[in-house]
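You will see chain A twice below: alongside chain B first, and alongside chain C after that.
Up next is the complex of A and B:
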C-alpha cells in the first residue's frame, strides 16, 4: 500500500479545518515544503500515505493555494503569463501560507 | 400700561424628543398628537410642518402652563415624524401613508432651533426604540414643558463639548516648512502659474497630497491692454515645471509620478539614493535634473523615456555614479561591423566622416553587467544567508510569479494597505514583516514594473546594470558626438520580475515568436 501511495500521481492536501484537496503530485511539488514532505526517500508519514495535513492553513486559504499550484503548473513554460486574482482580504493569510510552503 | 404690546415669549427649545426625560415629553406630546390625527387626517403632510415664530402663543409661557390651548395653534401639534407615526399606531397601513405623501410639497423649512439633526427622535440610536415604546405606553404626565426645555438645552451643551474637543484632537500641527510648501502650491494653482518652485523649502519629506492637486493646474489667460500684437497670445496648455531643488529629500514620493503632464523636473541638490522606476509614468517629461545627489545608478526607465518618450535633456552629473572601469562587466557591446571586443574599442565612438550618423545622436549601449538573482523572499541567491535556493532549475526559469509575489502585489493593490501603520505592522509575524515593509517601500515609490515583460511586481528577482552613453542627451541635444569621441557611459539599473527576465531575454522571446510563426 505504501508503495502505491508513493507512486500515485495524485496527492491529498488537508486543511486545518478538514477540507481535502486532491491534486497532481507535480503541481503540489511547486511548494518546496510539500516537495520535501513527499520526498519518497524520506520516511515521512506524508510520503508514505500521500496525504499532507497542513494544520495551520484554513480551507479557504488552501483552496487559493491549490489554485496557485495549478496556475503555476499550467503556465510554467509560457512566456506570457496571465495574472492570478487574489481577493484582498486573503492576501495576508496567503502571504503567510506562501512563506510556510516556500512557494 | 395694560395696553402695552406683550413682549415676545421666551424662546423655547423645540425638540420633540428629549433623551433625559422621555416619559414626560412623550406623553404630553402624544396628547396633542392624537388630537391632530382625528381632526385632520386627510391633509396631514408626511414631513414636519413649518414652524413660525408667530405661531407661538403669548399665553403659553411658563407662567400659565396649564392654560387652555387656543384652537388656533394647530400647527405645533404635528411633531411626530412619519416613521414615528407608524410605530404609534400599528393598525394604520402603509397605503394610508402613500396617499398622504402626495400632499407633501417636498419643501422642508426648519425653524431656527430645529436643526437637521433634530429630525431624528434621538441622536442615540439605541434610545430610539425605547422612546417610541414609552410613547405608546400610557404613562402619566409627570414633567412639564420647561423641564423638557431645560434638559434639551443641557443636551445641547453636552453635545457641543465633545464635538469641539474631537476636532481639536484631530488637528495635528503641521511643520512650518510643509505649510509653506502647501502655500506655494496653492498660490500656483490659484494664479495658474505652471512653474512650481519648491526649492530651498527645507523639506525632508514631501508631505502627502502636496503635489497631487498640481495635475489639475490650469493656466489663466493673461489680460493685456490693447493694442494686442500677435506675440501676446500664448498657449494655455500648462507647461508644468516642478523644482524641488535644494531640499533634503531622501526618497522621491510616488505621488510625484502621478503628475502625468510634468514637463520639467528638478531634484538637484537633495539626498536621494535612488530614483524609483515609476519615473517611467512621466511620459511627457522633457528635462530632468538629478545632479548633486547620492545616486550610484540611474533607473533604466530613464533610458526608456529617452528612447520612447520625450526626454531631451538629462542632467545627472555630479553624482557618486558607478564607474565603468571599476565595475564588473559581463558583456561588451561593440557596434556592428567592428570586430573589436576590447573595452577600449567599445568606449570610443566609431570614426565617421561627413554628416553625423544617427548613432552619433542616439544613446549607445556599451556594456552589460552581470545578473544578480534573488530568491522568492527577495534575498540575493549567492548570499550565504539563503539556504532555501535549492530549487529545481526548470522552475527557476519560469516566468510564473511566486505565490509570495502574487499575494504581496494583491496587498499593495488593496485599499487598506496605505492605512496600515508601521506600529500595526510590527504585530505581524516576523517572517512576512520584512516582505511587507519592502512592499510598502515599493508602493511609496510608485510601484515597479518589469523592464523585460512589463508585469507589475514587488520583489525583484533579477537585477543588472546596463551601461549606456547618453552624452548627447546630457548636453540637451546641442550637437552630435564628435567622430572618434571617447564614450562616458552611465550605469542604468534594470530589474526583472522573474528569473526568465534577464538580458537578451527580449531578443530570445522575439526570435522564439518568429520561429513559431
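Up next is the complex of A and C:
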C-alpha cells in the first residue's frame, strides 16, 4: 500500500480543522514545503501515505491555497495571467500560509 | 299712425325682452364657476353631467349586485366601462379579446411566458394584459404616479420601469439604477494590457505563468492596507516586501508605519519616509529597542531632534542607511558618528546637499573603525579631504562612492591602494578624470573583488582596461559596470586614435578574465567596441554560463545577428538592454527573456520556445 501511495497521482492535504483536499501531485508540489514533505526518498510519513496534515492552516485558507495550486497549474507557461480572486479578509492568513508553504 | 304703432310694438317687444333678461338675472342661484359659465356658453350643462354621473353610479350598483366580480381585473374593467352602454361594452370586449389573441401570438408574449414558467402568475391572459398595459403607458411629458412611492411625477424618456411594470419617479429610478450599478463595477475583467506588459518588461520581468501566492497576497494586503489593524507575526522578509510596495505607492504614512513597528524585530526598512515626521521617527526608535538595521530613505523630515532621541535610546545599531536627511546638521552627524561609530558595520548616506562636509567625514573615519560597508552617494560637500580620510578605513570590504565634487587622482589612488586588498566591492562614479593609474592600482592591489564599477570616466584608455584584466590574480568578477567610459570631446567627435574608455581589446580581456562567473555586465555607451570584437566574444563555442543581465545600449554595431549570438552564448540570460541599437530589427527573443529598448520595442518581442 505504501508503494502505491508514493507514486499515486493524487495527494491529500488535511487542514488543521479536519478538512481534506485531494489534488494532483504536480499541482501540490508547487509548494516547496509540500514537495519536500512528499519527496519519496525522505521516507517521511507524508511521503509514505501521500497525506499532508497541515495543522496550522485552517480549512478555509487551505481551500484557497488549493485553488491557487490549480490556478497555477492551469496558467503554467502562459503570459498575461489574470490575478486570482483573493477575498481581502483572508489575505493576511493566506499570506502566512503562503510563507509557510513556500509558494 | 300705423307706422308709429309698429314702432311702439317693436319698442315694446324690446322692453319685454329686456325685462325677461332682468328676470333671469334676478334669479337667486348658488355660486357657479367660470368653467360652468364657459361650458354653458358652449351648450354643455354641468347639471346634465352631474345627473349622468349619478345615473351611472346607480346602474353600477345594480350590476354589482347582480353579478359577482370574478377577479380584480374584471372589476377594473367594470369601472372603466361605467359610461358604456351594454352594446358598446360588448363591442369593446370583443376588440380586447381579439387584441389579446393577437398579443398571445407575438414574440414578446412567448418570451415573457418562457420567463414566467413555473411562477405562480404565468396565466396567459394576465401576461397579455401586462403587455397591453405597457404599450399604453404614458408618453414622456405626461404625468404619472410612481409605482413605488406613489408620488406624482412627469414622465421622461429616461423614466425606469419598476418591478411590476409601472413607471418610477426620478428618485426611485436613480436608486434602482444604483442597485444595478454596484455589482457591475466589481465585475471588471482582469487587466492584461500592453501597458502593464511593457512596464513589467522595463523592470526586467518576462516571467511566464502565475505570480507566487505570497507575492499575490502581499499585493492584496497592500491594496487593503487601510483596513488592516495589525500584521500579526508576519515574518520580516514579507514585511520588507510590503514596505517596498507601500513605499512605491507612496502609502507609507504615520498610520501605516505603526503596522511595521514590532518590538520583536531588529530591522526597519522604509523606502519612502517623506510623509513621516519627528514623532513618527521617534516612535520607530521607541517601539523597537532591539533595532540593529535602520534604513530610512527620503527622510526629508528627519531633524536634529530625532538624531538626539536616537542617541539617547542606546540602540545597538549595526547598519544605518539614511537618504536625503538634509535637516540634520553637521554637528549632529558628528555626534552620531562619535556615539555609534564603533558599533557600525555598514553606513550608507545619500543625497545630502546641506551637511556632511569634509570635517564630518574625517570624524566619521576616526570613529567608525569597524565599518565594512560604506556608501556615499551624491553628497555634495564631500571633497578630496574626505577622500584622503577614507584611506584610514582599513576594514572596509565594500566601498561605493558617487561624488559630486571633482577630486584629485592621487587621493583616489591612495584610497584604493590602502583599502583595495580587502575589497569585495569597488564602485566609483563621478570620477571622470581618474586615469590609467587607477586601473593599474586596482590591478596591483585588489585580490578579492567580485563587483567593479567605473562609470562616466573620460580618461582611462582601452589599453589601460586591457592591462587591468590581463594576468590579474583577482578571481573572475560577477558584476561589472563600465558604462559611459568614453571621450565626449566635441572638437573631436570620432574620438582619439587611442580609444578612450572600454573598447575592443579591453572587453575581450574582460570576458577572458571574468566570463566564467560574470552575472551582470553593463557596457552601454562604450563607443569604441568594434563589431569584430563582439563577434569574437560571442563566437561559436563561447559560453557565459552565469550571465543574467547585459546592457549593450548605444552600441550601433549591434545587429540581429549579434543579438542572436548573445542569446546563444548566454544560456541563462534574463534581461538584455539594447536601447538605441538601430540595427536590431527582427530578432527572435526566447521565452522568459526581457529585451528592453530596440527600435520597434513592441514588434521585436517575438516569443518562441528556447531551442
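In this section, the second predicted complex is superposed on the first by the 103 of 103 C-alpha atoms of A that agree within 3 Å, B and C clash if a C-alpha of one lies under 4 Å from a C-alpha of the other, contacts with A are read in each partner's own complex, and residues count from 1 in each chain.
Criterion: a contact is a pair of C-beta atoms (placed from the backbone, for glycine too) under 8 Å apart; a residue touches a chain by one contact, two chains touch by 3 or more.
Treat the numbers as computed from the prediction; the structure is a model and nothing was measured.
Under the clash rule set out above, the superposition-derived model of chain A with chain B and chain C contains a clash between the two partners. Of the two partner chains placed by superposition, A:41 touches none, neither chain B nor chain C. Contact with chain B, but none with chain C, is seen for A:32 once the two complexes are overlaid on the shared chain. Of the two partner chains placed around the shared chain by superposition, chain B and chain C are both touched by A:65. Across the options 206-214, 332-340, 368-376 or 404-412, chain C meets chain B in a clash only at 206-214, per the superposition defined above. Counting contacts by the rule stated earlier, residues 65, 68, 71-72, 75-81, 83-84, 86, 88, 91-92, 94-96, 98-99, 101, 103 of chain A appear in both its interface with chain B and its interface with chain C. Remark: chain A residues 65, 68, 71-72, 75-84, 86, 88, 91-92, 94-96, 98-99, 101, 103 touch chain C in the complex.
Residues of chain B that touch chain A in their complex: 376-377, 388, 391, 394-395, 398-404, 406-411, 413-416, 428-429, 431-432, 435-436, 453, 455, 500, 509, 512. Contacts from chain C toward chain A in the complex involve residues 189-190, 192, 197, 208-214, 216-221, 223-224, 227-228, 231-232, 234-235, 238, 591, 607. Interface of chain A with chain B (complex): residues 30, 32, 65, 68, 71-72, 75-81, 83-84, 86-88, 90-92, 94-99, 101-103.
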